[in-house]
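Next come two complexes built around chain A: one with chain B, the other with chain C.
Showing the complex of A and B:
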């Protein structure tokens, strides 16, 4: 008998070793689960934020990404440990998706190699990361929409990189910026000056200067009499953040000044207002490469801005055109109050026009630069645009809006020859605020002034502070009402400090207006007679109604507080949503090797899903070989006639089951107990078939092929630990995998079920999936289905909740056993859906009928 | 002279015809009959017969409306089947049911939970998809069937109903 004993002992040793190696693997497996759910939790938090009910800022997005990245890196590393480096391709796929995410952050990606200069003809919007949005969109309008755009070329971000690296600038700049306190205007000015001086003193490497000079010559050759304008086109500008008017534009640049102009535009990244803008949005300066556009200048007879929607009143179905004589600069910098025209979006009819007095205009100077000229008195009050021109511009604008499918903020000019040109187009940021419902009795307040137009609605109160230039800004007290004759650069730096802004000149279409809306400062433009106010006067500015009242009227401030749809309209909300498109959706739905390939992962969620699936396969494929089941497993003794092999991975249960089986009462795995209780509650739905009927069993009525019939099995197994369950249920032709963790740590708990196959025809199987999806959704699961495959999950619930959902899942599993066979019509399916919901104690939703 | 059709031209394919596993209840079978409207070339009807399969998707039997009704009948009303004839065969007056209607309804609800396998009938005849219409008529008449399973190479692929056979005859004659 010795041989028998030794055989037994060697088997025993084999199983001990196997258990040990399985337990080691299980440790990695648990780490993968942990990473997986850590990542998914951050993703769901980001999704919640994207719904717009919570405040968040750029650093929230950055921190979330850092945490996700940590989790993803570890997840992929653990999977590769578990699998012996079998999934290196997954790491590559992850890096690709991550790169796409970097690209979405304003200029967050490494600058890609490109030519130093690129003609507009070769640009489209997809090149925005190389030449900045402004340049890329001009190329897009020209090549893809055939719109009139001035001839020109872009100096790329790659060129910027060359310039910065050749002069070793980046480290010095980053160091200087890190010393700025953005609340201190004098800091912004002093350090900004230092950096600008450094940039202006830097050499442009000869390969780059040659390329720029050659492109200039080419452009001049094509347009011999033309003057050239150089405009900033920073990476990340005009996309998610407006950077409205933050950087420099140089008009009428002679060829010999081109290189100085280039340096000067790069230096404009370091004006106090530009520094304030990116630091206050937590954007890294080093990511904001500067591209420059060089275009033929339009000697404008008139120029202006068109908004394809009213940015303050998005409900109204109108286009807003602002226009002045001469170059458009005096409009966007707020020097002049422009003519404004409201046109109907439907038929182009002029709904309202307001002609202002335009005493001066800006023209090109013959010897470079620009010059201010007086407008003859008889023309000052004439409309700067003819009706036909207005109509034409509006047509172009709607064409552009239609192309981008979002409202646009477009700069245009009309040459002295009457030709219209589009100079720039970018997404228009719209305030979506609900009208306040709180009434306030304004008769109680003393009105001091009224007029002008709402740039950003709301009300603010405080002492008046009058400013006329940037040098006045350092002393602006917190909470004051800033009054200025017209907007000037640098105003942005006090936008988070002041309670309201009022200017006597300006319009909705100026850069200051765009920024005021971005920072949500109640602002009125075009209010006359501001001289009557003195510094320190206490006032309340009602920007919604364009009135200024005496004293601090907190009731009014409160009543006018617009209920903004948080972030609907601002860059940070867009950036989060766009990022979530590449993070959150689950595309890997299905089973088998055709679906689970790294290249099929389109989002980070797909990657976590892939890793989870493969980890499960790696973990359990060894255990599941039949001979292992015999060594390691015990069977479950139950009233339910289901052949179930149980394998414990956290301990040896041979003591507990000396005869090779355990009873239902002995199950001590929390998730399994709950699930099995649900199964028992319903009970096995069949008596053994009557003997008389066996005679006909030779006739198969399935649509399955012979080989698929071979897949029929009644052998199910469960891999258990005290908190974990992996249950592979085979009931007839259908097959489901239920995985659950039920522990004290809420963050680790989850249930995941896949459901696939069935013996019936595809339409019936799909009906069953629809039925199960409906039922489980009502129970509280999140379901993703595709054809006859269902992937359903819940996570982040306490143990009791997990237990109760597993109980329901056990019931549903039995209630839908081979139900596909019976689902011959949608009506039958609906009947079963209601029947099962009723059995689970869930009321059908109102509106559902039997 | 039009040609007489073959079975496969008249049959209803299996995937269009209601069927259930044998452990389903009479209640579920009733739902199946009441909710599965058949649409055969624009002619709509409710199924009078449901096919019963086992878990390996093998055809076991059929169940008709009257089989279900028999299954729902109170014990004391049910007439004994031929196999189990009693010594004294007393006919019960069905009017007795009116005496306690509520109880009867409760009883019906209870009995509706019986598995269909208790009332289903075995398959006595099948017919091949390539068979002639006249053979179907012969099988239906001689075995008193209103529905016959259609097989091809030993697999059930559909059913043929007397109503469709009748319709076919009608188009020939009228």
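Showing the complex of A and C:
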């Protein structure tokens, strides 16, 4: 007998130690839960604010992010304490996501030390902070997608910092900008001029100028006959805020002019339109460091822009290609009306093409710069792109869109040798507006002109004001209809003043068009015969239908008012929503190691989910092992024929259960009591629901798949404290884990259930998941399911609510036991769904009225 | 004439939101500025029924603005927008005569209700001032004449300037009514 006694004692000692270590770990586990729910609470607060019912400011977003970051860092740290540093990769993933969030704030982070110049080959999109998005994306396209982009290098933000600091510019610039009234065009011009003069008069420190000169020489060495273009690539440009065409590009820059070019691009940060752009979006100028891209110029036979979706019609499934002969500048600045081609996104078929008259084109000049050349008369009306080229460009574009997972606005060029190059790619902002259904009788109005294309839908009315250059802009009256032959730089500064814009040249793809959509100004491009209008004529512009009517037609303006979300077009909502895309969605749904990997965490919510799951596994994995099970805890004595082992983590169980078992009445864990009461209410079913033959056949099939669970308990067990429950149930063939916290502090309370497997075939198991989802959603659970796996949660409820939901969950657990076998069709499933809802008292019993 | 609101905030986002909400959901007219230093000269040129101002701004903060308004005896009611957690400054603003404060972030309705209340208060205050002025006039004859003027103004509004109806409802003779209408 002695050996038996010593075996018993050693087991006893072992189990005591195990429980003690679990109790110690439990402190960290609780901290993780706490961080988890703190973070989720802030996330839901941000989601609430993004719905358009609240007014908030940037500091709200910043404060929320600070709080989230504190919670996330503590969460990850605690998980690593709990696991002995097993999840360091999670920290990296968190930093990456956080970095993406920083980028959305348009340059909110400090400029990090870097080389002054960086070749494109060494760039990827993660470098947007140091070389601006335009440069970084070119590197990304080249190195990660293998697309043809021109050879070149970036002059970094670090270089910009060097230039600005060496000349003590920042303080002077900030001071001057703070004195601007953004509604005053003359202010913008005067102060812009002062700052630009200051920049142009500043010295480039010799270490920087040497680096730029050397990189130029290198580039020339690799491409001896090449001409070089310099383009702005500011931090914050091409993000949520397009800054379309706000900064300078210099084409065909001779090496000896490179430094002047560099200065002049930096100075272009302070044109009236650029200043207006960032001030009107509440962006701090000091955060928008100017990086510059220097690329080999493509001597373009044709060039243009491709939108991977129609920016004014989010429903349509088309790609929009705009194209002209020669360099693309004449397209984006609106000098020419381009050829446009609409292609189907599905099969690349050309749905529609419109060939315009292209009388001139812009070419490189042999002695630097560019020169306008006439297009021979016989070519002016020919398409600037061949079908095969069109198809190829569209393929590239979709590849890029697929890579970034968001519609793109891409500039491309075709060299004289026929080679296609991608010059730039940025996210395309799409107007998601519902057309209003308000009827308006346009027959009552006198039509004055029609034609052109919708750049931004809507209607606006007011007196005509004709402008031909920036100097006309200071006098633009509020509410007028601006008419211009070409879109020209500076138009942006009046976008919030005018009621509509009409140009006779230009297209959907010019920079002005991008900006008009950003500012939601009803705009038509390409409308002929604007000469008939005189200053002061009262007109109504219907940009949706491309018609101009006589007089002010307020009914039409109202009727065409697109039903945008109330605040949707206001910058700060865009920022919050785009941030939430990287914060709130839950992608980690499922179970097991293939799903729960740090690299699968795409959002901060995923990271909290990951940490919670792993913390739970860390805590309890040792208990889950079969070989430990039998030494631990006590058994629950119940009428329900279910072997359930109970482990208490906040007390010594031996006092409570000297005989190795406790009774149902002795359960003093609040969540467990409630759940078990629900189980008892239904009672153990005397027989499973009626099953057809196929139901049984499924059982045979799934028994095999269960081998993956080997090593885990075939029994059920519960880990309990006064407020906490982790219940692992093996009920016939399904497996569920229910975790609940039921404390005085509402913010800490939650219930989470995982449900998986079953005895029947997969289609029936999926039906059962759908049934449970339906039932639990009705009582307030948030459910995520994938195949036959369900992850469902409620949180932030007081103890009584948690208790009553656990009670319901207990009932549902028994009511759905082996039910999968009976769910032979959707009709049967529906019947059972209603049956269970009635039994739970959620739907009235038949005969009762609502 | 539309009642006017001036909104002052260094953050243009907030101004845009206020412009949108006041412009589309109320009948008031709103003007905005992102530069608080512009406000004092602006107040010498125009009258605003309400000024909505952020508390923390560079150059001149909400409290400075409030002091200026009270010192110059400007009639505008001031609504202060404060960040969550700056209750003390909000109380200081109330002590210095702000109409009310709102804590960011706030619901659309919250600003609309507050603005509506301030407008109503502004109206009552002006009306009260007018009557107090009349009651303080000496001798009585002067007060009586002024009162009669006020009475007839209201009567005219009620009766849509129809002189026979004005006479029959008020008991004034048609001649008296005609004389009054001629003077208006």
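As a working rule, the second predicted complex is superposed on the first by the 467 of 850 C-alpha atoms of A that agree within 3 Å, B and C clash if a C-alpha of one lies under 4 Å from a C-alpha of the other, contacts with A are read in each partner's own complex, and residues count from 1 in each chain.
The rule we apply is simple: contacts are C-beta pairs under 8 Å (C-beta built on N, C-alpha and C of every residue); 3 or more make two chains touch, one makes a residue touch a chain.
Predicted, not measured: the structure shown is a model, and the values here were computed from it.
K.L.:
Could you tell me if A:351 is touching chain B, chain C, both of them or neither one (first, second, both, neither)?
P.N.:
neither
K.L.:
Which partner does A:89 contact after superposing on A: first (chain B), second (chain C), both, neither?
P.N.:
Touch status of A:89: no partner.
K.L.:
Using the superposition on chain A described above, determine whether A:821 touches chain B (first), chain C (second), both, or neither.
P.N.:
A:821 contacts chain B only, not chain C.
K.L.:
Report for A:181: first if it touches chain B alone, second if chain C alone, otherwise both or neither.
P.N.:
second
K.L.:
Quick one: classify A:763 as touching chain B (first), chain C (second), both or neither.
P.N.:
first
K.L.:
On chain A, which partner touches more residues: chain B or chain C?
P.N.:
The partner that reaches more residues of chain A in the superposed model: B.
K.L.:
Pick one for A:831: touches chain B only (first), chain C only (second), both, or neither.
P.N.:
First partner only, chain B.
K.L.:
Determine, under the contact definition given at the top, whether A:279 touches first (chain B), second (chain C), both, or neither.
P.N.:
The answer is second: A:279 touches chain C but not chain B.
K.L.:
Is A:58 contacted by the first partner chain B, the second partner chain C, both or neither?
P.N.:
A:58 sits against chain C, while chain B stays out of touch.
K.L.:
Note which residues of chain C are touching chain A in the complex, please.
P.N.:
Answer in residue numbers: 9, 11-14, 16-18, 20-21, 24, 33-35, 38, 58-59, 83-84, 104-108, 111.
K.L.:
Under the definition above, what is the set of chain A residues touching chain B in their complex?
P.N.:
Residues in contact with chain B: 685-687, 689-690, 692-693, 695-704, 709, 712, 731-733, 759-761, 763-764, 818, 821-822, 824-825, 827-828, 830-832, 835.
K.L.:
If you look only at chain B, which of its residues touch chain A in the complex?
P.N.:
14-24, 28, 31-32, 35-37, 51, 53-61, 115, 117-118, 120, 122-123, 126, 149, 151, 154-156
K.L.:
Within their complex, state which residues of chain A touch chain C.
P.N.:
49, 53-60, 63, 178-179, 181-182, 279-282, 566-567, 570-572
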